[in-house]
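Consider the two complexes below, in which chain A is the common component and chain B and chain C are the respective partners.
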Partner chain A sequence: MAVDTSSQSVAKAAGEDVARGRSRGTGNRQGAVKRSLSTHWYAWAMVAPVVIVIGVIIGYPLVRGIWLSLTDANERNVERSIGVNHIPATYEFVGVDNYVDALTGNQFLSTLGWTLVWTVSCVSVTFALGLGLANLLNRRIAGRSVYRMLLILPWAVPGFVSVFAWRFLYNEDNGLLNKILAGGGIDAVPWLNDPTWAKFSVIAVNVWLGVPFMMVALLGGLQSIPGELYEAAEMDGAGALQRFRHITLPGLRSVSTTVILLSTIWTFNMFPVIFLLTRGGPGEATQILVTQAYKFSFEISPRDYAQSSTWGVLILILLMVFAAVYRRVLRKQGEVW
Partner chain B sequence: MVTTTTPAAKAPARRAAQAPAARPAKAPRRGRRSPLSSAALHLTLIAASVIAVFPVLWVLLTSLKPAKFAATTDFFKDTTFENYTNLLNDTPFLTWFGNSLLVAALTTVLGVFVSSTTGYAVSRFRFPGKRGLMWTLLITQMFPVAVLIVPIYNIMASMGLLNSPAGLVITYLTIAVPFCAWMMKGFFDTIPREIDESGYVDGLTPFGTFWRLILPLAKPGIAVTAFYSFITAWSEVAYASAFMVGDENLTLAGGLQKFVNQYGAQWGPMSAASVLIAIPAALVFLFAQRHLVTGMSAGAVKG
Partner chain C sequence: MRRGIAATALVAALGVSLAACGSGDGSTGGGSKGSGELSGTVTWWDTSTVGSEDKVFKKLAEDFTKKHPKVTVKYVNVPFGDAQNKFKNAAQSGSGAPDVIRSEVAWTPDFANLGYLAPLDGTAALKDQDDFLKQAAASTKYDGKTYAVPQVIDSMGVFYNKKIFKEAGVEVPKTIDELKSVSAKIKQKTGKTGLYLRGDDAYWFLSFLYGEGGDMVNAETKTVSIDNPAGVKAFKTVKDLVDSGAAKTDATDGWNNMQTAFKDGKVAMMINGPWAVADTYAGKEFADKANLGIAPVPAGSAGQGAPQGGHNLAVYAGSKNLDASYAFVEYMSSPEVQTQVAKELSLLPTRSSVYGKSDVAMNEMITFFKPVVDKAVERPWIPEGGSLFAPLVTEYTKVLTNQTTPEQGAKTAGESYRKLLKDWK
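For the complex of A and B:
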């Protein structure tokens, strides 16, 4: 049910300009069509390439993905060619069975639980560190631009390279971290081989990757707060903590709500960190929804396309609900402020 | 070790943030801080910088050591370029590099080309369907890789496009097009509308105005958008891992996985490859980062 509505809204949105223009025209006189076309002709022509591209390479696969999630498609029954033989699809429509299985089974819910822990802890730690560093960099200190450059570095390196660097550091036998611990007489830590440590390690890497973006965005926000506000508050005898609470935080509000929304969505979908660091292991300890959906369709045999699509659609619904609720909460707060 | 220092680094950060203002009565003027808090500030920033830089630096140092010492903690041990020559001569690294370059460049050019007029139209015109289009652009950016990967994989398979750069480029356009259109809208918004009006007064059509007046002014914005989509395609992992198989067809993200698989790790070539991928990207990034931040706040953050 919920699947249908989401697909419709997206599909409708993609083709909306055409649909609306037509319907309005046919409802009224013939002249309205002409007028509308002649007024908006340029705009429609200009957006046409993107509408077509989105419709063909996003809309169509999306609809197909939703369809697959309502079938029992897997590697053995989809349409395929072996050599010159073309084998037609034999999978069948099964209704919402996949959704029922996912939502009543254990695996989806436990993976969702860890995905939420992963997202909340990554985003909150990243935000706290980013805010702290942005505040430090916003002060007048010697070598500020050097610090800034160095702190941005993790953002500048392609993500998969950084993740491999961390795998190198985390290596249980030869990794630098354990060598350092050994120097202090501490036993080797199984960074990526123990479920608890692995969870800790993947979060640490994602925080390391995410802080620079957060810091830069918040620094931009801090610099747009007028200095007079702080001076006036200081005159009135406000302490540092009060100034932080009543000037800095409200001043950063628009930037921070946006970066929190963005980084929540990114972290929820953060494929490379988990995939390249642990492949979801040990066991399924660090598997988030996205990597598990990928595993269904590309790592197990036979590839379970239906299950994978179901998880994909569920992830999308979760994110859209989250974005909608987040917006609503913000709007409500906005009236209070 | 890294993770224990991170929260620790936070605590002095807080303290340092409060210290100068905690004693405004003693400090003669605002903006001066005691030597102690100044030292704390620098120490915190140094600690954070070390954590930020070290993993990258460590890979660089490893790549310059003979492969057999790769796992030792000595910083400089018989510095050599052996890893680099091995990487370039004995592995398909250059092929992977070429594949990545081709795919990322094509994605960027096509993405920017297709979406530039849309960014302009959404920025300047009111037309039926505009709201729906903008929502679509925003929502598609939220799409998790898991939603589209299976259907696109099946479609590519039935069209014989798996394992070909063309298939990967088409796939990456699903990411690049909505993103580019949204970013460019932000940049066009920063160009004053008076310029468009002057174009109309001079008898230019909207296309003419866009092409002759606005596009040249938006060049920096387009460069930033292009750079971002290049980097996104360059470091994409999920589609590249699923769609490309066989040494000849891998992109860098897939190729590097060959060095570090479950059977063991070849840290020597891995570290050399990482440096060759990361250093150019990082240099360009650091050089362009001021514009990137402006672009981000114009495009994404404000949106």
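For the complex of A and C:
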């Protein structure tokens, strides 16, 4: 009855092409290692290539990123090979200077502030809408499968296509949204050109992209709640709201805690929506931590690899702390994931 | 036995994936050895406007094979906005970079400083160097060597819609104050906006900055000047233009919105350069080419100023076909090709000899822009020249969208410059 919230495919469909995957620290016990090697050597042999590949494509960049964040590496002093010329690296170790700069300057903290606002509003709105729609679709209503198809559509469209479509809709002069508003006699809204509207607009697009996943996951959760519980509650005279509060919500908890955690991590790092819609603009109004880190290492010249890695490591630490705290809170409530 | 099969399968799978990785760089060997006849492939990254300029450049580039039948030219159009980044990525990793790149004037010293470009001194690319306009050649030199050949030179002017001006009964504005009154009159008579001012690219801010007597930096005295009173005044000027309704702006998609609005006759003026001419002619408002008027940018309190820009052709230091690339650069900047480009696209040649030709002399856009270019403000040709735009555009957009004051915007931009340019005042 468990719901399959296969994160890979979901991430792809929601337009997050960021390779993700963090080991959860599989602590090996000493004595067990030898025993498991002798009995399960074949399994280990099968796993080895995967472990090696993951080590190369995740472990190495991670370690290198942490190392770069402790140096003053930039485009001018890193190792380069230009045709036959090979220019050696000349950057130096600077200790935690980059971290001190980031945490004492106001750029990191102000970007973090907006990133938190962005994450909390996206996740809460997406969850609320997803839950509402899931409840709707869990009933026997006419044309249910058509609704389902339509509601899953945003998920089926590649992320960058949806974001570009939204950019056209938001266009102040030629966009469809303002044309519709003009029909109603309302002045054009500067969707992406005013800092406040731009913030609203990026959140709206991310919610639009995120709702199908929430809806499908929660719908699965709803269907796993036994119907007898509702019947019994109805017999006891419980109203619709009471049934929702005391049966639906607790019954969904294992699913909803997981999707909220996933969705928080994804939204926090939701690069494509911000980057493709506003590039962090106007000014720096919608810049979140990851898009700013990208800017450091790809948009400014000379590219500042050290600062970019520093921000990357800080993002990683923030998310790890969040996951740990979240997990502890859940465990207190008797949930394990 | 089963074990053997598993191991074989594993090895085979790894082999296949490794082979797939290795085949990515399908490089083109060759070059000229011995015989003197050039051969191989020259990949050229062009950054010209798709839909208008690119067709002409593609054809001209491919015509190179008429002179050197054994050389294949691979034309690739890379959007201008992405090209700098893409080239840096490719050049740094040492694979995937083109042999020749159309490098914006500010990029050239930056690329040269990073070691990505091949010095051209003493090669075929620098034929008849004395013929190049001095200003155009300025950005190709870095640290005593020449790293590029000027391809086109440009500056900015006001493009205006003659029909709208006639309807509103106004003359082309010569100063910022006139610009404001003309815009007001246009709005009153036709309901249209006077000026479209790009808010997402700091290059469009430079005319106003120079007009107030300001500049980003002063390379001679090694001082940052964006945050001096002239800089602040320039920020105030553009903000006032937008706030008063004389100009409209956008923080995203500025280029497309500007071209669409102007081509459809929704705005009466825009500030732009020769690179926009071919695209503008394609608009329905300019089916009759005579409807497009062009004038110097309105003067600020200190006078009239427009930035000098343009593009160079540079050869990638890691090119496998250096000789063919040099010859290609020489060909693309030759008087014949420049004449053709000027005739078909109204882009300004960089060779003084070309201006004497009748095709060029008769082109209205070129006869207009040549004196503008002669007076245009030269930008500092330092490696950081291109880096000055990123902090400036952030502050520029912030000022236009009321997120910061002109004073604060200028101050913040100045601070970023001092961080970028160590030891500058």
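Note that in this section the second predicted complex is superposed on the first by the 295 of 337 C-alpha atoms of A that agree within 3 Å, B and C clash if a C-alpha of one lies under 4 Å from a C-alpha of the other, contacts with A are read in each partner's own complex, and residues count from 1 in each chain.
Criterion: a residue touches a chain if its C-beta (ideal position, glycine included) is under 8 Å from a C-beta of that chain, and two chains touch if they have at least 3 such contacts.
Note that the structure is a prediction, hence the values are computed from the model and not measured.
> Is chain A touched at more residues by chain B or by chain C?
B
> Touch check for A:P49: first (chain B), second (chain C), both, or neither?
both
> Thinking of the overlay built on chain A, is A:A102 touched by chain B (first), by chain C (second), by both, or by neither?
It touches nothing on chain B or chain C.
> Is A:L209 in contact with chain B, with chain C, with both, or with neither (first, second, both, neither)?
It touches nothing on chain B or chain C.
> Could you say whether A:V255 touches chain B, chain C, both of them, or neither, answering first, second, both or neither?
First partner only, chain B.
> Tell me the contact category for A:L112 with respect to chain B and chain C: first, second, both or neither.
It touches nothing on chain B or chain C.
> One more residue to check, A:F298. First (chain B), second (chain C), both or neither?
both
> Is A:R80 contacted by the first partner chain B, the second partner chain C, both or neither?
Touch partners of A:R80: chain B and chain C.
> In the overlay, answer first, second, both or neither for which of chain B and chain C A:N171 touches.
A:N171: touches chain B and chain C.
> For A:P282 in the superposed arrangement: first (chain B), second (chain C), both or neither?
second
> Determine where on chain A the residues touched by chain B overlap those touched by chain C, and list them.
49, 78, 80-81, 167, 171, 173-174, 298
> Which residues of chain A touch chain C in the complex?
45, 49, 75-76, 78, 80-85, 87, 167, 171-174, 192-195, 198, 277-279, 281-285, 298-303
> In the complex formed with chain A, which residues of chain B make contact?
It comes out as residues 1-3, 6, 10, 13-14, 16-18, 20-22, 24, 30-31, 38, 41-42, 44-45, 48-49, 51-53, 55-56, 58-59, 62, 70-71, 73, 114-115, 117-118, 120-122, 125, 127-130, 132-133, 135-137, 139-140, 142-155, 157-158, 170-171, 173-174, 177-178, 181, 205-207, 210, 231, 234-235, 237-238, 241-242, 252-253, 256-257, 260, 265, 267, 270-271, 274, 277-278, 281-282, 285-286, 289, 293, 296-297, 300-303.
> How about chain A: which of its residues touch chain B in the complex?
Answer in residue numbers: 10, 12-14, 16-21, 24, 36, 39-40, 42-44, 46-47, 49-51, 53-54, 57-58, 60-62, 64-65, 68, 78-81, 128-129, 132-133, 135-137, 139-142, 147, 149-162, 164-169, 171, 173-177, 179-181, 183, 200-201, 204, 207-208, 211-212, 216-217, 220, 231, 234, 239-241, 243-244, 255, 258-259, 262, 265, 268-269, 271-272, 275-276, 289-290, 293-294, 297-298, 305, 308-309, 311-313, 315-316, 319-320, 323.
> Help me check something: in the complex, which residues belonging to chain C touch chain A?
6, 10, 14, 84-85, 88-89, 91-94, 110, 113-116, 199-200, 249-253, 257, 260-261, 266, 316-320, 384, 386-387, 390, 394-395, 397-398, 400-401, 403-404
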